[in-house]
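To keep things clear, I will list the structure first and then write my remarks on it.
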Amino acid sequence: MSIRVGIVGISGFGGGEAMRLIASHPSFELVYAAGESSAGSRLVDRFPGVPAKLAELVIEKWDPVTLPKLDVLFASLPTGASADALALVSRDVKIVDIGGDHRYVEGWAYGLADVWPARIEGQTRVANPGCFPAATITALAPLLAEKLIEPGNIVIDVKTGISGAGRGGDSKFGYAESNENLIPYGLLQHVHMPEIERTIERLSGGSAAGLVFTPHLVPMTRGILATIYCRGSATTGQCLEAARRFYAGRSFIRVTDKPPQTKWATGSNLAFVSYAADPARNLVIAMGVVDNLGKGAAGQAVQNANLICGLPETAGLDGAPVWP
Amino acid sequence: MSIRVGIVGISGFGGGEAMRLIASHPSFELVYAAGESSAGSRLVDRFPGVPAKLAELVIEKWDPVTLPKLDVLFASLPTGASADALALVSRDVKIVDIGGDHRYVEGWAYGLADVWPARIEGQTRVANPGCFPAATITALAPLLAEKLIEPGNIVIDVKTGISGAGRGGDSKFGYAESNENLIPYGLLQHVHMPEIERTIERLSGGSAAGLVFTPHLVPMTRGILATIYCRGSATTGQCLEAARRFYAGRSFIRVTDKPPQTKWATGSNLAFVSYAADPARNLVIAMGVVDNLGKGAAGQAVQNANLICGLPETAGLDGAPVWP
Amino acid sequence: MSIRVGIVGISGFGGGEAMRLIASHPSFELVYAAGESSAGSRLVDRFPGVPAKLAELVIEKWDPVTLPKLDVLFASLPTGASADALALVSRDVKIVDIGGDHRYVEGWAYGLADVWPARIEGQTRVANPGCFPAATITALAPLLAEKLIEPGNIVIDVKTGISGAGRGGDSKFGYAESNENLIPYGLLQHVHMPEIERTIERLSGGSAAGLVFTPHLVPMTRGILATIYCRGSATTGQCLEAARRFYAGRSFIRVTDKPPQTKWATGSNLAFVSYAADPARNLVIAMGVVDNLGKGAAGQAVQNANLICGLPETAGLDGAPVWP
Amino acid sequence: MSIRVGIVGISGFGGGEAMRLIASHPSFELVYAAGESSAGSRLVDRFPGVPAKLAELVIEKWDPVTLPKLDVLFASLPTGASADALALVSRDVKIVDIGGDHRYVEGWAYGLADVWPARIEGQTRVANPGCFPAATITALAPLLAEKLIEPGNIVIDVKTGISGAGRGGDSKFGYAESNENLIPYGLLQHVHMPEIERTIERLSGGSAAGLVFTPHLVPMTRGILATIYCRGSATTGQCLEAARRFYAGRSFIRVTDKPPQTKWATGSNLAFVSYAADPARNLVIAMGVVDNLGKGAAGQAVQNANLICGLPETAGLDGAPVWP
């Protein structure tokens, strides 16, 4: 029996990736797509390689009160654009919000599915973590849970591909300006900081007040690597073991001995975590890699939708990454 | 019931892509992987994101006479390396050769599946077309079949991503040398020319003696675009209609009004073809786009394997391209 | 004695490159910079690495009638934006127009300096060739001059880096959309076609009516390669010799035996030309490489300015290309 | 009067960049080039765009005892390859070693010219800093000199373009493997760590024992960004002022309010430094950007050669960066 799903924000990068994953999903059927600038186009006009079964679906003007009958709605809207609109959607429609408006908001589960799946199962409103938190927290969670690092003394240096900046006409992200360039931005004030702080505190029970978070734009399309500097006396082996214990039985987290590369995850819902520690310096380096559009957005959203629909969480998400 | 398949040349780009496609295939089960430099490693050592069910498969030293029980073998070996070895493989094992040694060789079907599927069904030895012929011939076939262009007066200007040069240590393909660079090579003597000539002649019944073929290396990983200059008096519309007729009912060919872009095909088995003609100049420009590792290699190979195994030709190949 | 120069369109790619070249020029002194969106900024705000002597120069709002005392003005404005404005500039100011409005316009010399330097010396109004014509004509001129090819049967397949599309906010040229992508565009109708046609006719004395011109966007910042298919019975050696004769004593044209790569020219005013011919097929392939912002824009403009100021044409242009 | 210079290691990236800079230098004349694999070639065979005056110079087999008469030798050899060989060079020849063998070695000045120019003037043997130390120390020096940060508690997260890995056949740095990828490596054991430690100690007078240093390979050709996390209570403004004081009168260091981008420095000998501090968290983030082949290698080497030859340190190094 197929589950009827819709996507709003289809022509953005996150919405497009959700479309790709849903097109191959064994239980989901895409019956509704909405956007702003793309309204009136067929899917094939926007995505020339879309599977034939979806080619003629017409993108509609987004209107939360006149939705067709849907089981699940994926929302991939710019920050600030979904809060009011999604409140108008019927409670009969489950929602996974890929955007930033409902993280740690009353009535919405925080969709960190690899860490807290039980908080998501059975819910009808789930807010996806941000892409940076996805890479960061996945690497930190085992260390925080086992108290191997100090929650109040964490430095996160994170690097992202440019699709993380979203689609659109900002010439800062033009090819000629961005290629062969590496750009730090948002120092000490990035919008993802409070979300990371709060999640560290929930995981550790301690204060994350000293958190440092520095994002960088890297000239590549997809991928996030978080290199995280922590204080603690565990060895590399103890960190790896902690992660293997913490993620035992989880499908999407790969604990690796070698430092993970962003291309390992491209096109998949996988996260890679690894560690390098030096007890003599009271130092633990944690590393997390995700595809910002996969585990950092649409992959995570499909996983959350699987959980709230009672499906296996890997449904539609078991493909290997694209390499090279 | 699962079909037991093997891959030789697993650590090359073509072999790796075959692995990715087989991992998601509904009927194929990968039970054997072989290589040279990678022998002794597990798949997960080479492909950190490989699905868990395949992670522990050990890559074996390639030996055609001691294969396990297999239904299909995918061979992705350097040109010159497969001719002798594959002759030793038991006739009980069907073979799809992604490499260049068996194209237009006695006893091997030429695996241009979108044009001549009936020549592949029921065979046990199929030679995949080269990546450049895949992009080129797909665009030309309808024009040749309907005699809209002169077969003896064709200029092919083809551009390929660098994975087409194969994996390995040639510093010519080092990142710093290749990035921000565009390199014409193999002028008037590329190894794919005779294959293209022969296929044009088979399609048209005429001589392709005047063929010109110029490849270029483009700083991107995947993708081929062939821009082909032909003589003929058809209009753009007539060319498009000819292609739509020719490929009616075919699953992987998309005939588009707009010039196709390589990224439309990334990660898929699709080919895009389009045309721009000017009867006043007796000119037809045909364009073909493929992913050189998809329709140009592993995707085409899986399609051919589906055909020789009596499966739907789209089995395992119906995913949307990866974008962006 | 220094020559006082100005740049209008300073914050575009062509204007910025002109600034870079002028900053190192032994005789030119930049005393005026104008723009639209950048007016009011200092040069260092737009170009953080600008030499200290220019850092504090304030970019002015472009106004052709209130210029300071200038000897030469470089204009790098969008097509359509310079025709009326430059007519208002005092005749005491020499002008080199990098933009497209004055090519083959009465009163303006056509600035193809490597072919017709004598037409530029002593002039006060020079229109730079377009970037595609620069790459194309440089390769064709010797063949046309010596009648080694038919002027009426030329197919130009040209590939350009993305800076050729200019700076600005068009999301088509966003990094995520352009990277790992190859895009044909402007088929049979590119704005540079008439200019190329006319120049071929001037060089050959024959009609260029059959001209075919197909541009492609390549995922790199700088560089143009023109691969040009011509009809003629000359050998490769005869073509190379013709080019060596034609460009004897010229400083910026390099005739090479090997197919030229775009990266050979990066950051320089060089053009590379090479040939591959097959008399048996009545075929000559001509290849031309330039940096679209060098010989294709600002380098050519400085060369033209040198000529009209009576300086050595290599002044400020003798640096080696940047590699890798 | 021209100064006769030679380069050994001419066909590597550092040696090639030295050639480019020397070709435009007002006082240096390149009279000798040596290499291994390239011996016997002319410069133009290796660098097709080399200025005409250098084109026919034949690359010789490197032999330290049969050098022609030279004033200065630039050595750009792999680590381990220069220690013994350079000891054989006549004391009449001044040497700048771009390679890694003579940093903090008796008899060799440490060529951190922007910080300690007086230690270089008048010397005959200078060892260039490594490319990572160049980016890192330039940003840290003012803070250490004014004791605004703790020398024993510094975390350096550094990102480099792939030319930093050197030229050569390692398939790890192949285009298809490196593009769209981000790779951490050398964790806790990079060869540049002791050099950075020692330089911090010399600058601060304190111990750098707690140093953490993590390099990452970024898919771009040139550029290094060091993001450095320090402990200290200074404000952002105090850090910027300290840097402006420290580098007052220095030509190549730009102190910027905005976080620096790697492309600001491409092709130049500039270094950009900036700071972001939060006294409430006892945190100072220092950032340093260089072109790894400019200030990180050949640009720095020319600056050092200028100093030991009694020339203005900016001779041949005053060009603007290449942008975009």
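Note that the chains are named A, B, C and D in the order they appear, and that numbering of residues resets to 1 at the start of each chain.
In this section, a residue touches a chain if its C-beta (ideal position, glycine included) is under 8 Å from a C-beta of that chain, and two chains touch if they have at least 3 such contacts.
Computed from a prediction, not measured in an experiment: that's the story for all the values here.
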| item | value |
| --- | --- |
| Comparison of A-D and A-C (more C-beta pairs in contact) | A-D |
| Matching chain pair for C-D (criterion: over half of the contact pairs shared, by residue number), options B-D, A-B or B-C | A-B |
| Rounded Å distance between subunit A and subunit D, as computed from the means of their C-alpha atoms | 38 |
| Distance from the mean Cα position of subunit B to that of subunit A, given in whole angstrom | 33 |
| Interchain centroid distance [CA atoms averaged], subunit A/subunit C, Å | 45 |
| Touching two or more other chains - residue numbers and ranges from subunit D | 13, 161, 163, 176-177, 179-180, 219-222, 260, 266, 324 |
| Subunit A to subunit C touching residues, read off their complex | 13, 161-163, 167-171, 173-180, 219-221 |
| Residue ranges of subunit C in contact with subunit B within the complex | 155, 157, 159, 161, 176-177, 179-185, 187-188, 209-210, 212, 214, 216, 218-223, 225, 227, 229, 259-263, 266, 276, 278, 281, 283, 285, 287, 324 |
| Residue numbers on subunit D that touch subunit C, as the complex places them | 13, 16, 19-20, 23-24, 47-52, 163, 179-180, 221-222, 251, 254, 256, 260, 264-268, 270, 272, 318-324 |
